[in-house]
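Only one structure is covered here, and it is reproduced in the block below.
Naming follows writing order (A, B, C and D), and every chain is counted from residue 1.
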Amino acid sequence: MAETSIPLSTKEHDKGRWQRFRESDFFYAFKRSPVAIVSFAVVALLVLAAVFAPLIAPTNPFDPASLNLMNGFTPPMEPNAFTQESFLMGTDDQGRDVFSTILYGMRISLFVGISAVLFAMVLGIVLGLVSGYFGGWTETIIMRIADVQLTFPSILVAMLIFGVAKGFTPVEYRDQMAIWVLILAIGLSDWVQFARVVRGATLVEKSKDYVAAARLIGRSPWAIMIRHILPNAMSPVLVIATISLALAIIAEATLSFLGVGAPPTQPSLGTLIRIGQGFLFSGEWWILFFPACTLLGLALSVNLLGDWLRDALNPRLR
Amino acid sequence: MTTPVLSIRNLSVEIPTRGGVVKPVDGVSYDIAKGEILGVVGESGAGKSMAGNAVIGLLNPPAHISAGEIWLNGTRIDPLQGEAMRRLRGKEIGMIFQDPLTSLNPLLTIGDQLAETILTHLPVSRSEAEKRAVAALEEVGIPGAAERIDSYPHEFSGGMRQRVVIALALCAEPSLVIADEPTTALDVSVQAQIIALLKRLCRERGTAVMLITHDMGVIAETADRVAVMYAGRLAELGDVRDVLTAPQHPYTHGLMASTPLASLGQRRLHQIPGSMPRLTQMPDGCAFHPRCPQAQDKCRQAPSPDLADGRASCWFPMMAEAAE
Amino acid sequence: MLAFIIRRIGQSILVLLIVGLVAFSMFRFVGDPIDNMLGQERTIEDVERLRTQLGLDQPFPVQYYRFLEGAAQGNFGVSYRQGRPVSEILLERAPATLELAAVSGMLAIVFGIALGVFTAIRRNGATANIIMATSLIGVSLPTFLIGILLIYLFSVELGWLPSFGRGETVQIGESWTTGFLTISGLKALILPSITLGLYQMTLIMRLVRSEMLEVLRQDYIRFARARGLTDRVVNFRHALKNTMVPVVTVIGLQLGAIIAFAIITETVFQWPGVGLLFINAIQFVDIPVMAAYLMLISVMFVGINLIVDILYVFIDPRLRVDRTGAH
Amino acid sequence: MPKLTYAVALSVAVSSPVMAAEFQWAGKTDPQTMDPHAVSSAPVLGFLNNVYDGLVRMSKDMEVEPSLAESWEPIGAGEGWRFTLRQGVTFHDGATFDADDVLFSYERASDESSDVRSWFSPVTEVKVVDDYTVEFYTNAPNPLFPASIANWMMMDRGWAEANNATRPDKESGNFATLNVNGTGAFKLEDRQPGLSTTLVPNESWWDNAEHNITKATFTPIQNPATAVAALLSGDVDFVEPVPIQDAARLEADPNINVIRGIETRTIMLGFAHEADTLKYGASAGQPNPFQDVRVREAVAKAINVDAILRTIWRGSAEPASQLVTPALSGFSEVNAARPAFDIEGAKALLAEAGYADGFGFGLKCPNDRYPNDEAVCQAITAMLAQVGIQVELDAMPVSNYWPELRADNFDMYLLGWSPGGSLDHEHPLRFLASTPNEEKRLGSWNFGGYSNARLDEALPSILSEIDPDKRQALIDEVTGIYQDEVAYVPLYVQPLVWGTRSNIQLTQRPDNFFMLRWVTVN
């Protein structure tokens, strides 16, 4: 329709990858969008803070020996009445430094979120490729399962998986298990979107000549799928992954609120909020406020970034 | 001399992009008289559709008219905005798009779509509108129009759908129809029927037609006059016979040579070397000079001359004898 | 069409069986009801007697079979905790959840679609951008937190709205209680339904916006504009209707999600519905109640999906003739 | 008999007749049943005390006082007890209360299907002497018997028979599960399990009504934050319990009164005394250090109870030295000291026992059973880490917790104990300190299998000794034993925190029973 085709990427191979990226429209659009820059900066900052938590955090809240209960309920930036110690964001009921706990909690939240999304992504991509490429009853079965999965709200799926997994895990592993079950539960409730998009792209690409040609010269189906078909589906997958990450972080928080999430000795952001909400009316607002703001900041930035990505890559998303 | 239905004067369209402002339409002027069919030809990206969209006021932002004037039946319409422009669309200017499969709303019956258009523009009752809808369908040759009025678009074949689209474009009896590649998406066997239909209807009603196409064959069969566009500029403008038989612009010449026209008795097809420049990377001088076999120094330095001085916008137009 | 519906129903029954199995197997792990039922002074014989009485000494497949057998006849057994038939309890609690879900669903759908359309039409407007940004806050905060904050603001600080419960209810007929007919009942509905509906509203709004933007790019919209149709007709008659096709599916799924997420809202607001019942049942390992709740919820999901599928056929004429199973 | 040091009794000002009013209250748990013999749990018995009466009842300061029995006396030299019934008492439906109803209530409450029949395990026979005299014979002298049946509530034989509810049925329920016909100060008007329960005053109650309530509605609210919000916004007049962290905020509100007291529940740590190896944590599979009394003592010394009480409990709880609180009878004054917080001492003891480098083990903890249970366990984890013991904390809902403990899946665990029934030191001795013996129904909650021959030997004498001084001497002796052996580490006595709107006056009884008849709405 529009006759002016504005090139999407300059295909000048003599330039380095970074150079090409810097000159791409994608990067140009990024530079032009203050929302994208700010949200990217926030996400990057929070992720770095989480990764380097052991270096940044003044205390290690997961090391029980370092805690002093007498520090409990210290307000932010005020010396504790008994120990005279002072904390940037105050302390919680156990005398843990809220700032450090947030940094460490974010590690768990991000780890769970990212792992769950990766898991959902891999599962969704594989099933989407397989069902789109092979078709037939494989496709029927996979897409029927996807339908069923969609009818069941993620939170119930997660609770069911949690309940079942808990029964199968020996008691002594339950603490470690909790996090993996969270990943499994959130991932399992999230793969369908990936599978659908990838399947759609596969169906489109499969009918193209170069795929037929690749088939004729005897390339293995997996090689075709991964080398040729998958790259065409990557931009919508990227967008879905971003938005799923925000959802996964929230889902983790909600499950932790319902008591089926990360244990309080190794709290995630969600667990911190669950603990903190008990102190909302009692005046210790900082135990809830700071983790909630961090969660909001994280999820909001990831969401904004996903939103912007969706517009920038403009994939036809359902 | 009567006022032309459409008169475009020095029309330019600009799009600001990160690489600077580009001009997909650059100083184009032409008229279309009542009952006349003007063929607009050119490669993809030559600015033909953009000009059409500018006329009907449907440029996609940030594209906008940067200079020039558009006159419709003696009224200047390019400054019109919103509601005033909307009243013209459908009523004074009808438009036909390329793909009949996507031009119709799949969820509404064609009767609904016809009736709503009629009701929008004409002061008639609902039942009258429905009657006229049936009549419009009959006119475009839909068999059993009265029954099919309640059908949905997906129940029609491609050719039938394009007939419906034509009925929709013409149902409020506009004085100008812009047909943007109306046959490109259709089967070859159907193309001729649709062109014939369009031609017949417009002749009967005296509707002026801007027929945008890249198909010289269609132009040859249908158009009274032809406008050749290249890189946003008008390359050549003249009566269809003259232009086709004795092109003056080397581009038109190349275009003719590359078109299999049985009527012109060509022996073999030519190809114009190279491709049209990107709008962001327009060469200095005449935009066609890098591909032009006759290009001289002047062509590389000065922009091609305005069309007002002749039929072709070329410093060294090819005269009849130069043609093969 | 009929074959399609029959196939859908067949699938639904399969879903129900699977849900039943998963749900039932989960209950083995949530704890042991015996300790909750017997007091401090329990003896071994008490435990054994009760175990036999509840059928908990049977092997798992037998327990599941018995459960299915009963469920097929609408008999979900007797609540361990309340000592009353589970079906009776569920019927008693269902109106509260259904009314809450209905109001939240309406809020979500009406505001979601309206705001979605608005932000799509005014795509670059300041108001639309503010709405979009605000909506992201809605999906970036967990529901329970929103509920608690609403209570804090509107009940505790301002004192405008009740902090918990359904207010006064009126009995209608045999088994329905409604909060719609009293002032206090209506006031009590406000905060929970906002809490429950907000997330779904945001989802619907964002979906409607992106679908609508997609539709607005379509040729038939350009053609409609080229025909001189007014913006209102183009946006609402042409664009919105096409936008609704994919949106209806998602709305159906979201209605299911609303009923599931009611668990959280009902916990926060002490809303006397089936979600609260379920959470209490988990706490007290009231297996018959848990099983019945999950089956009930699954039946609702499946029902909603069936309705959505049929609705789909009504909205999209293309499906009436050449309907194939795949989406 | 029972001493009252901590019970808080807000006196009710009955100066002038106050306006009658409706009353709304909320609690964490809905009573499971309206049947007073079907479930022996505090929420049920506490609630039903408003609609049913027993032969005796507890006064505001936990003294046994006459209720449906006007008086009672021992038979002979401790063969049993004779109760003289109050005359002219009627049930809510108008039927007269007499000795036959007592006999019926005995039959009903001591039936196999009853949850409270253990109250009657010492009873060998019940004799109706005349319409208003009943005799209870016991297998041994039983000085505590009248107090132990304070929660045994009287039902009408005619009503139960007419409604097919002659035996409690806790599994599938019967008419008495949802309906009430008692002699109590209030009648049941409406009952919607889990939602609300409405009571109205019994106009023909035998006692003088102190309250001015015209209608009272109870709503269970699980989420403590919601309950606090409801109280703050005035949606309810009374909430129990108030989360300890919200007490200060509520106290600051002029519209709200906070009533604090000390409950009868002692929170303690228990050990796996019998297990040969540790089951959890870093040292799983290695010999069980808790078999060494020095290690147990080190644990007791390493825990800074003061810090727990000051922060988590915000100064509202009292440290505990033994299995019962000072408010209860049988409290051992001579053993009232608890081990001091002493990190160095704890380390020295561990080194002496051969654990200078510490060890790792698993601590089980409920997370929804006692207020702040999980927070306390976390704090303990941190404190033990400071003497080199690595704790792997496993917190779980109570529905999973008891089965885990019964399956011996623990190295150490948290337990709260409130002596239901007798409200005497003998109760935890019987359940927690005695060597487990299924036949004699002893030690049934002694999960760790603590065992001491002298304690076992002394227990029967404590149960039957009528002379208070001799009895106390025996209790002092065994208390010393279990303290020296650190059978348990008593931590603190759980506080009771109630919240009311400031126009409400009521009385908080240390057993956490809320008596509607002591409420005045101003």
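Basically, contacts are C-beta pairs under 8 Å (C-beta built on N, C-alpha and C of every residue); 3 or more make two chains touch, one makes a residue touch a chain.
Treat the numbers as computed from the prediction; the structure is a model and nothing was measured.
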item: Chain whose averaged C-alpha position falls nearest the assembly-wide average; value: C
item: Pair of chains joined by more contacts [C-beta pairs], C-D or B-C; value: C-D
item: Cα-centroid distance, chain A relative to chain B, in whole angstrom; value: 50
item: Distance from chain D to chain C - Cα centre to Cα centre, in angstrom; value: 40
item: Chain A and chain C, separation of their C-alpha mean positions in angstrom; value: 25
item: Contacts with 2+ other chains: residues of chain A; value: 1, 277, 280-281
item: Shared-contact residues (touching 2 or more other chains) in chain D; value: 225, 229, 232, 397
item: Residue list for chain B, restricted to those that touch at least two other chains; value: none
item: Touch list for chain C against partner chain A, complex; value: 11, 15, 18-19, 22-23, 25-30, 132-133, 136-137, 139-145, 148, 152, 156, 210, 214, 219, 222, 246, 253, 256-257, 260-261, 263-264, 294, 297-298, 301-302, 305, 326-327
item: In the complex with chain C, residue positions of chain D that touch it; value: 32-33, 38-41, 112, 115-116, 118, 169-174, 177-178, 192-195, 219-223, 225-227, 229-230, 232-235, 368, 397-400, 402-403, 406, 420, 431, 438, 441, 444-445
item: Partner chain C, residues of chain A touching it in the complex; value: 1, 143-144, 147-148, 150-156, 160, 163-164, 166-167, 246-247, 250, 253-254, 257-258, 270, 273, 277, 280-281, 292, 295-296, 299-300, 303-304, 307, 310, 316-318
item: Contacting residues of chain D [partner chain A, same complex]; value: 224-225, 228-229, 232, 243, 245-249, 279-280, 284, 304, 307-308, 310-312, 362, 367, 374-375, 378-379, 381-386, 391-395, 397, 404, 409
item: Parts of chain C lying in touch with chain B, wherever the complex brings them together; value: 218-220, 222-231, 233, 237-238, 241-242, 245, 315-318, 321
